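Let me begin by handing over the structure; questions about it come next.
Order of writing sets the chain letters: A, B, C and D. Residues in each chain are counted from 1.
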Amino acid sequence: MKLFEYRGKELFEKHDISVPKGKLVKNEKDFSGLNFPFILKAQVPIGGRGKAGGIKSVENLKDAKEKFSQIMGMNIRGCTVRKVLAEEKIDIEKELYLSITLDRSKRMPLIMISGEGGMDIESVPDEKIFKEWVNPLIGIQPFNIRSVVSKLKLEKEEEKGVAKVISKIYKLFREYDCELVEINPLIISKDGEVMALDSKVNINDDALYRHPDIEPELVELTPLEKDAKNKGIAFIQLDGNIGVIANGAGLTMATLDALTHFKGDGGVFLDLGGTDDPEKVKQAFELMKKAKPKVIFLNLFGGITKCDTVAKGVKAVITKEGIDCPVITRIKGCNEDIAKDILKDAGLITAATLQDAAQKSCELARGA
Amino acid sequence: MAIFVDDKTKVVVQGATGHQGMFHIGEMLDFGTKVVAGVTPGKAGQEVHGVPIFNDVKDAVDETSANTTLVLVPARFAKDAVFEALDAGIKTVVVITENIPFHDAMEFVHYAKYNDAVLVGPNSPGIASPGKSKVGILPGGIFLKGNVGVASRSGTLTYEIVNSLSEKGMGQSTCVGLGGDPITGTSFIGALDAFEKDKDTKAVVLVGEIGGTAEEEAAEYITKNISKPVFAFIAGRTAPPGKRMGHAGAIIARGKGTAASKIKAFEKAGVKLAKFPTDIADLVEKYG
Amino acid sequence: MKLFEYRGKELFEKHDISVPKGKLVKNEKDFSGLNFPFILKAQVPIGGRGKAGGIKSVENLKDAKEKFSQIMGMNIRGCTVRKVLAEEKIDIEKELYLSITLDRSKRMPLIMISGEGGMDIESVPDEKIFKEWVNPLIGIQPFNIRSVVSKLKLEKEEEKGVAKVISKIYKLFREYDCELVEINPLIISKDGEVMALDSKVNINDDALYRHPDIEPELVELTPLEKDAKNKGIAFIQLDGNIGVIANGAGLTMATLDALTHFKGDGGVFLDLGGTDDPEKVKQAFELMKKAKPKVIFLNLFGGITKCDTVAKGVKAVITKEGIDCPVITRIKGCNEDIAKDILKDAGLITAATLQDAAQKSCELARGA
Amino acid sequence: MAIFVDDKTKVVVQGATGHQGMFHIGEMLDFGTKVVAGVTPGKAGQEVHGVPIFNDVKDAVDETSANTTLVLVPARFAKDAVFEALDAGIKTVVVITENIPFHDAMEFVHYAKYNDAVLVGPNSPGIASPGKSKVGILPGGIFLKGNVGVASRSGTLTYEIVNSLSEKGMGQSTCVGLGGDPITGTSFIGALDAFEKDKDTKAVVLVGEIGGTAEEEAAEYITKNISKPVFAFIAGRTAPPGKRMGHAGAIIARGKGTAASKIKAFEKAGVKLAKFPTDIADLVEKYG
């Protein structure tokens, strides 16, 4: 789960990492207590808000009111701004980049730090980004920190300040089961303080149960996706018009790939996973219907999820509510014969192979 | 021979008395797996399909000489279960449990290395060596004994591919489900290394997907270390990009991780790639 | 460093482990606030105080005053009782034994627990003492605790209580760099509470710098030993009359062994260790003189500690203060010739081999 | 050959610019040791006896291919230093530092196992393979090249014994100071195992002392696994008993740990025991 910048900064403050003085502003009255000049920052769960005009500096109350009304409610790459953070301006001496994330390949947390923080960090060459891996069996050690900090060529006192922040950030990363903690820029102010001017904190969804203090925030999801998430169904809405239901992420992805091969476009990605509960299949199929795809493609390889279980769930929905789009089915594996028998009068189109089914789905979606 | 599990494999099932545990103990026994013990704290003395249940793994190992564990416990108890198995001397750990916090997985993956143990998973469907042993929840009916090694990051997709191999009469030495989580114990490289050494394996099939750089690393490893023919399918060529991990994700990946990058890397390593999952069988038949 | 029982219990309370209500009593006024009956317990850093009469139950104030005056100041195996702990009496349902210590062989903390706690724990057979090792890379895990607790055959609620205590004790063990935490007995009271009736806590001396809250307590040492400790010299007083100075613990022990072989008895064990400072040697030699052995045996094998360094220190003391007992020297290794030259006029007895030197020392000590 | 250190050993010294570091770099160079790097944070670019100093071990390894470290840093920095060396890929770690909290030592000993590294110490005087390499603070002048392997828990006593061997013309393949602390990485068993495999070692001398059960375990190991003649000296037969570790100490020891117990165990294993340290040389001469 991605936290909004201001919530990430709340965690930073809890871990004694300095951030600029600031507050969430919902309306113009909330400006009181802040010294000018300050910055208004759109709170959205995606990057690139600066370039989109979601960050503005304000000099006085009039200016603030005007810019606040510009930012609040603006649309940044599909996200409506509903929260704005106001933060006092800091005099910056140096801008650094700092992150801790997961290196899947080494199976370890990876600390990355650079003396060239800021907007263009992704174009900073690798040799200017210093990396250090932390073995999870021993956790962060003084040498890890020394190693990266010494390469930044900072003043002694600055080194100490940055070292402390790394240590605290690692603690936060571990304690809150983070996938990512990123600070860009991490700055050293004119008066020598090390401060986080931004925050990106992603918490591992699987570990949220350990963090009851972190309120869930489903801002990135469409209403149907939220509904699916609450029902425990893997459901992602895409731009196309073919709804894909399959079991297992790999098979679902392979199905979308096959559609692309035949020049069709997936509109929903619905992974039944391993289930043996027809009721859950029913809920999934209902969700799919609500997404109103032009064609539904049901691609099953029965194993743990038996074909007849899925067939029962699908049949129940069609019997009860009918279906107003073509459904192509390709059913294989455990109990495929029973499944085919269950569905034989449901008016579905059957195909023998993935290729056939994909091709038919694409043709139907194109209105052929 | 075979890799990771074979006829010397003696399995203890952790989480044996739950719904899944009971069902899959039966399935594994049907497959011919030597399931020698189950573990559920507080249920020592019970039996599941005739398999004795113990309070802890140490007791189970002492009594039955189990050398492999199948972990089916709920996600929040998984780390403890894996640690327990490793401390009890288990040398092959198969973790089926999904939704394990990855910080937990990191810890037990490294603790397995400390113990010189093979750990497959988490979120793995298991391992099957047809005719010898199956440790996991893979559907038993699709397998055929033979000489193709399969290692896969996907579940169902693997079943589909194995099924099409079997239908064409090309059996498998071992099929390893590596697990779909960001952190897994054994990667393609671990499986490739084992298949290379296994004299029953003549060809290797890898089933990959987008995300991470395991395929790119496998490709490099194949170039340097693998003499046997390798075939691959990559799922997700047109899938929506996964969650973007800040700038950090981009800095680590530097363009890797996409299906295109993986396909390119495999092609460079001389790996034959299938367009559709079921094409793999044709490729193996032709070039294997 | 061994902590007194009451100090161990202070740490227990800090870690939320129940102990009986009690207080340190220095005089009769301190009894106020305690309910009768209670127990008076001599605070000494050695075992066996119960059998020596250092623990007494009291019924009323008169009884308490009388027994307090018996215990305070009593001598238990060489230790004078200077502190007395008064603790309210607990109704005991079950007595257990619990300890965490270091298993040198496995290089891991070892948890031991038994359902047969109490005075005679050392005679409880091994199969009734349940052991569990904790790998320091992962720390204590739920399975470690389950494993030992389940073998005690307790009630469900009792199991939970004991499990919590184990977890807390391990935390204390690790956090305070303990060599040993032992609770004998750990009891379950009539009303179901799990409580530590005794405490033995040893903290690793090498780690004391990390625990400024633990005040040092040198109760086990003689005045000369304390003096030596403050000077950083390894100095142990024994029962015999030959003072041994050597460099390295192994060589010092081997020297004592050689004395025993020739029927002599070591009176002081002074290990110079690896030093290159004549001043430290001087201090050591002065300490040896103060211990008034009948004979001093200086056994050197020069390596890191060069023979001439030691010779200089010894010579300085003898030149300045003289020496009133025979000194036998056996000097070998790095710079032995220079050393022999330095000491040649100091009136010392020289010997070529360890055996010769040991034999001469023993003869002189016997007054031969 | 030799064990643990030989002519392929390339040493980095951690704590190189301190008093001890500078002195022993000189001594090791004199012995013929390939000291290739020193590490002191913040002192990169300096030199000690011509040996370049780096800020961290990783830099040192990258530049010099060091494969062995000598840890001379103060006790409170020792754990960090060992972790750093292991993470940098160093496979032989010699810890001279004394007074390291044993909880720290436990952690780095197990982390060395995780890294498949040999760790000797802490509180070790080091390792010397005469004619090849010396990594430590053992006095160089006492050694002679030869075929006796020496492993010792003591410091000075070892020098005495090695010296008497050399004086009688019996050289050493390798002399390992295991360290006198309650927790050490390599024990007698580790050294015995290596000496057994080392074709340059014809006889092994063990120098033990009271406390712990390392000698008793070694005796058992010798009976089962060691074919070469073994000699031993045990110090502390009449030393005052060490600190008593509550009842726990007694329960663990169950009578082991005393000089008598160790001597009995060794005798049972066919190990020849010396009464005086210098007798060892006579025994080896007679039976070796």
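Going forward, contacts are C-beta pairs under 8 Å (C-beta built on N, C-alpha and C of every residue); 3 or more make two chains touch, one makes a residue touch a chain.
Not measured: the values here are computed from a predicted model.
Centroid distances built from C-alpha atoms place C farthest away from subunit B.
Rounded to whole angstrom, the centroid-to-centroid distance between subunit A and subunit B, based on C-alpha atoms, equals 27 Å. Centre-to-centre, using mean CA coordinates, subunit B is 42 Å away from subunit D.
Between the Cα centres of subunit A and subunit C there is a gap of 58 Å.
Under the contact definition stated at the top, the residues of subunit D that touch 2 or more other chains are 107, 110-111, 114.
Residues of subunit A in contact with at least two other chains: 135, 137-138.
If you sketch which chains touch which, every chain touches every other chain without exception.
Across the interface of their complex, subunit C is touched by residues 137-138 of subunit A. Residues 133, 135, 137-138, 141-143, 146-147, 150 of subunit C touch subunit B in their complex.
Of all residues in subunit C, those touching subunit D in their complex are 2, 47, 97, 99-105, 107-110, 112, 121-122, 126, 129, 135-137, 174, 177, 179-180, 182, 184, 200, 202, 204, 206-207, 209-210, 236, 238, 246-251, 253-254, 256-261, 266, 269, 274, 301-305, 332-334, 353-355.
On the side of subunit B, the complex with subunit C involves touching residues 41-42, 55-58, 77, 79-81, 83-84, 87, 107, 111, 114.
Taken in their complex, subunit B has these residues touching subunit A: 75-76, 99-107, 109-111, 114, 125, 137-139, 141-142, 152-160, 163, 180, 182-183, 207, 209-210, 212-214, 217, 233, 235-240, 243-252, 254, 275-278.
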